[in-house]
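Before anything else, here is the set of structures, which you'll find just below.
Both complexes below contain chain A, partnered by chain B and then by chain C.
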Partner chain A sequence: MGSFAQVFINGILLGSMYGIAAAGLSLIFGTMRIIFIAQGTMIVFFAYVVYWCFQKAGIDPYLSLFIAVPLAFAVGLGMFYLVFRKAAALEDKNVSLLIAVGLMYLVENLMLKVWSANPRGLKLDIQGVVIAGWGLRISVVRLILLGIALVSALVVSLFLKRTRLGTAVRAASEDMEATTLQGINSVWVCAVSFAIGIALAGAAGVGMATVYSFDYKFGFTFALKALVALALGGIGNVFGALAGGLILGVIEQLASYYIGMNWIEAVSYGVFLLVLAFLPQGLFGKRGLIKKV
Partner chain B sequence: MKVIPDVRKLGKRKLIWAGIALVAAVFLGTLPFFYDVHSGQWGYVLFMVFIYATVSQAWNLIGGYTGQISLGQNAFFGLGAFTMALLWVYDVTKTGYWFDPVLIILGGVTPVILAILVGLPLLSRLRGDYFSFGTLGVGMILSVLFLNGGGFTGGGEGKLLIKYVPDDLVINLRTHYWAAFGVAVLTTLIVYFMTTSRLGLALKAIREDEVSAASHGVNVLKYKIIAFAVSAALTGVAGAIYTYYLLHPMPMNVFSQNWLFLPIMMTVLGGTGTIIGPWIGAFVLYLIAYYADTLPGFEGWYPVVLGVIIILVMLFLPSGIAGLGEKIPHRLTRGFVGRRSK
Partner chain C sequence: MANLLLEVNELSVSYGDVRALTDVSIAVDDGAIVALVGSNGAGKSTLLKAIAGLLHPSSGQMFFMGESIDGLSTKHRVDRGIVLVPEGRRLFQTLTVRENLKLGAYLPRARASYDESLERVFALFPVLKERANGKAGLLSGGEQQMLAIGRAVMAHPKLVMVDEASLGLSPLLSAAIFELIVALNQQGTTVLLVEQNIHMALKICSTAYVMKTGSVVLSGTGQELLASEDVRKAYIGERGGRR
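What follows is the complex of A and B.
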């Protein structure tokens, strides 16, 4: 039983990364109706930024949260206005999808050129610290990552619920046309939700840099995982996406413990295909949303 | 449904196009007679262009004409490659010739089965992006399966095919060149005739408005599955041909993301939903990829450039290079896809 609980906790901790990424995807999807496939690559990009902040300037990775997240927000805004503004307004979502594919390819290869193909990872003293008790061992950096995930989800959900702009974002994800008719600047709403989605990628990048070793190709796999988490949790709310991520983490850890490390990917995409086929609204998603779009 | 179009009814413009295509085909087809494709570098370059043109054209069928962005083409490419390789290694069909047509065709059959298995649940949804992301996982699952296949699939090392090559055979790239060229031309013809028939009309209707197509009596799921399956088959055949060149299929190289993204970029650059687009894209992008790496100080930068190109093309030239030609004499042309055959 001890080992099962351990595997379960490891799963939750692993899943918090997927959760943040999925929350970002969910937010972007809500207003722009595209699934931003380059999200994972952006996370890896910000992980590199955090890595560089530490190597070149000696900034503590957790402090660089305050660099990476605003930077990511700015990058998101820039990216939206430069690339996605026109495409987001189009009825044909394939254009945005293909632009995102191009962006992923571009950023991935840029990282390969700038940072080479060697896996990178930070070496911190805190990584060795482990909380032990009741036969369980919990790594502190992973616990902090879970904390980051929960706090970001909370901040985003407070933004959506408590601010005027957040209300506009929620309205836009219900019905973009009606929102525009109410006099809300739909471009700005899309831009903000896209930027927040990328900002979440920045937060996830900090988590990735502190916990995992990563390379330029990791983003693609990671985007897939975030998608699986999103499909599991259901599109439509931030906590649903986070929960989807945690569930996916647990599934993966169980699979790796009971089936084998090498089969993790196959199991998680198997789950993905099953969910898409039989439970398209996800576990916590709203049924109506899928039918409408 | 008539297959061969009536020559007299074709417009002048179409005759010119057909003439250009014929001249190009004859030139490329007879190139090995007056150019040594085995030792000259153009032999290899054109071989790769043909492979990419095939995969791009196959993607064009499902992504361009039907409007369903498949992100699983690398799964079909790799599956075709491994089907051919494993059947050859275990001598299942007892044929084992060099460029065995039986194996190459079977390399196209297994992807069809996969496409139907994956397509049925994913394509029955109204939402296109479910299909995109569902297929995205397929390449991953397959490469994991082949990586974990142990001795049967050779795991991460794949299978070394060189020892199964007939002893008295002298490998000449000429065979590869013709095989790849033949497959590319065949693919283009299949896509052309599929899309200019009633079937193509149904596919275009689905692309433009699925709900409307369904309400006009088009069996949306059936046509989407057909397009996806044909696309998968052609991609698998390309994978099998490529493996005859590679002779060492590994999950890492035949399921590589390049077989997914490059063909998409080629089609987008050349022009989605046009018959010539994938060819233009394959030529241009492959030549960029091949020669950019030989420029000093520029090694490895070309994928970055390709990424920029695809974004720019999507933003400013959504109909690709092929669309450029149609933009200028706008009134004169009506495109040559979607013609209803009587």
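What follows is the complex of A and C.
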């Protein structure tokens, strides 16, 4: 039983990375109607930024949250106006999707040029710290990553629920033209929601830099896992996406423990297909309302 | 002689290679109810969308309160007081009634009179006050239409354009919606109406334009068109006969 609890906790901790990536995907999907396949790569990029801040300037990786997140927001705004603005207005979303694919490979290869193909990882004292009790062991850096994921989801969710611009983002996710008809600058609304999605990648980058060793190609898998998490959690709900990530983490750890390490990927994508085939709204999708729309 | 609020001058709109409007001219007096009638595909909705700034005309001019609005974005037209209630209501279904109304008053000019506008909407449509914290998607068809109009009123508009307000509603509810549109108009808001319920539209409007395949083919007062043999035959026809 003790080992089950340990496996479960490991799953939650693993899943927080998937969850925060999925929350970003969900937000970007809402207004742009594309799966932003470069999200994982952006997370890796900001992990490199955090790594650099530490190596070059000695900035504590957790303090660099205050650098990575605003920087990511600015990068997101810039990216939107530079490459997505025209494509986002088109009926055919394939163009935006192709841009995202292009961005992913461009950023991957720029990172390869700048940081080489050698895996990077921070060496921090805190990485060895473990909370132990009741026969369980919890790594503190992973626990902090879970905390970052929860706080990020909470902040984004409050923004969406409580602010005028956040309400406009939710409206635009539902009906872009009707949003424009209210006199709302829907291009700006799209830009902001995209930038917040990238800001989440900034926060996730801190988590990645402190927990994992990573290289320039490491992100794509996370984008795929985030996609699975999104399918589980359902689109249009930040906490749903986060929960989808946590559930995926638990499923993977259970599969690894009870079936075997090398089954993790097969089980993840098997779950992905099953959910899409039989529960296309996800586990928490509000079926009734979506059907009515 | 009333002041002219909106003037559309020889407007043409194309969707790609397809001409949707050809040299359409209409005039809307300040304080009036003007109706656009005609069969499906006549270009009525296209005209409203062009006035709202959602479509870009290939030629022609539009003037609002004597000033050109050509090339202005939808946002700036809303800011000047031109608001469209689109066909199919297009509410934000997963948002609450209150949030929908709040978004209607998004621009600073409208936000300044938010409380006053909200009171006005709740006075016109008391049911919206009861349902203020419920999701818009859970309202009935008639209530949704009220919310769509209420959302437009929140923008503090001078001109409200209503596209097919009675579509999908029972005759009783349609009549109620028409009464509310008249009430809104009596408070000083000018209304430009697109309606498939031609009989009712002609009854409440002061001026009407009959459109056919992208052009205005006939215009006159509502009473004149109601009495016109051509209009009765072409558009009211069977429906009128059954009454």
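Here, the second predicted complex is superposed on the first by the 287 of 293 C-alpha atoms of A that agree within 3 Å, B and C clash if a C-alpha of one lies under 4 Å from a C-alpha of the other, contacts with A are read in each partner's own complex, and residues count from 1 in each chain.
Here is the rule we use: contacts are C-beta pairs under 8 Å (C-beta built on N, C-alpha and C of every residue); 3 or more make two chains touch, one makes a residue touch a chain.
In this text the structure is predicted, and so the values were computed from the model without any measurement.
Contact comparison for chain A: of chain B and chain C, B touches the greater number of residues. In the superposed pair of complexes, A:112 makes contact with chain B only, with no contact to chain C. By the document's definition of touching, of the two partners only chain C reaches A:170; chain B does not. In the superposition on chain A, A:273 makes contact with chain B only, while chain C stays out of contact range.
Once the two complexes are overlaid on the shared chain, A:183 sits against chain C while remaining clear of chain B. On chain A, the surface patch touched by chain B in one complex and by chain C in the other comprises residues 293.
Chain B makes touch with chain A in their complex at residues 63, 67, 69, 71, 118, 121-122, 125, 127-130, 132-134, 136-138, 140-141, 144-145, 147-148, 257, 261, 264-265, 268, 300-301, 303-304, 306-311, 314-315, 318. Residue ranges of chain A in contact with chain B, taken from their complex: 34-35, 37, 83, 86-87, 93-95, 97-99, 101-110, 112-113, 220-221, 224, 227-228, 231, 260, 262-263, 265-266, 269-270, 272-273, 276-278, 280, 290, 293.
Against chain A, in their complex, chain C makes its touches with residues 52, 54, 73-75, 78-79, 83-84, 86, 90-95, 99, 102-104, 106-107, 110, 135, 137-138, 151, 155. The touching residues of chain A, when paired with chain C in their complex, are 164, 167-168, 170-171, 174-175, 177-185, 236, 286, 289, 292-293.
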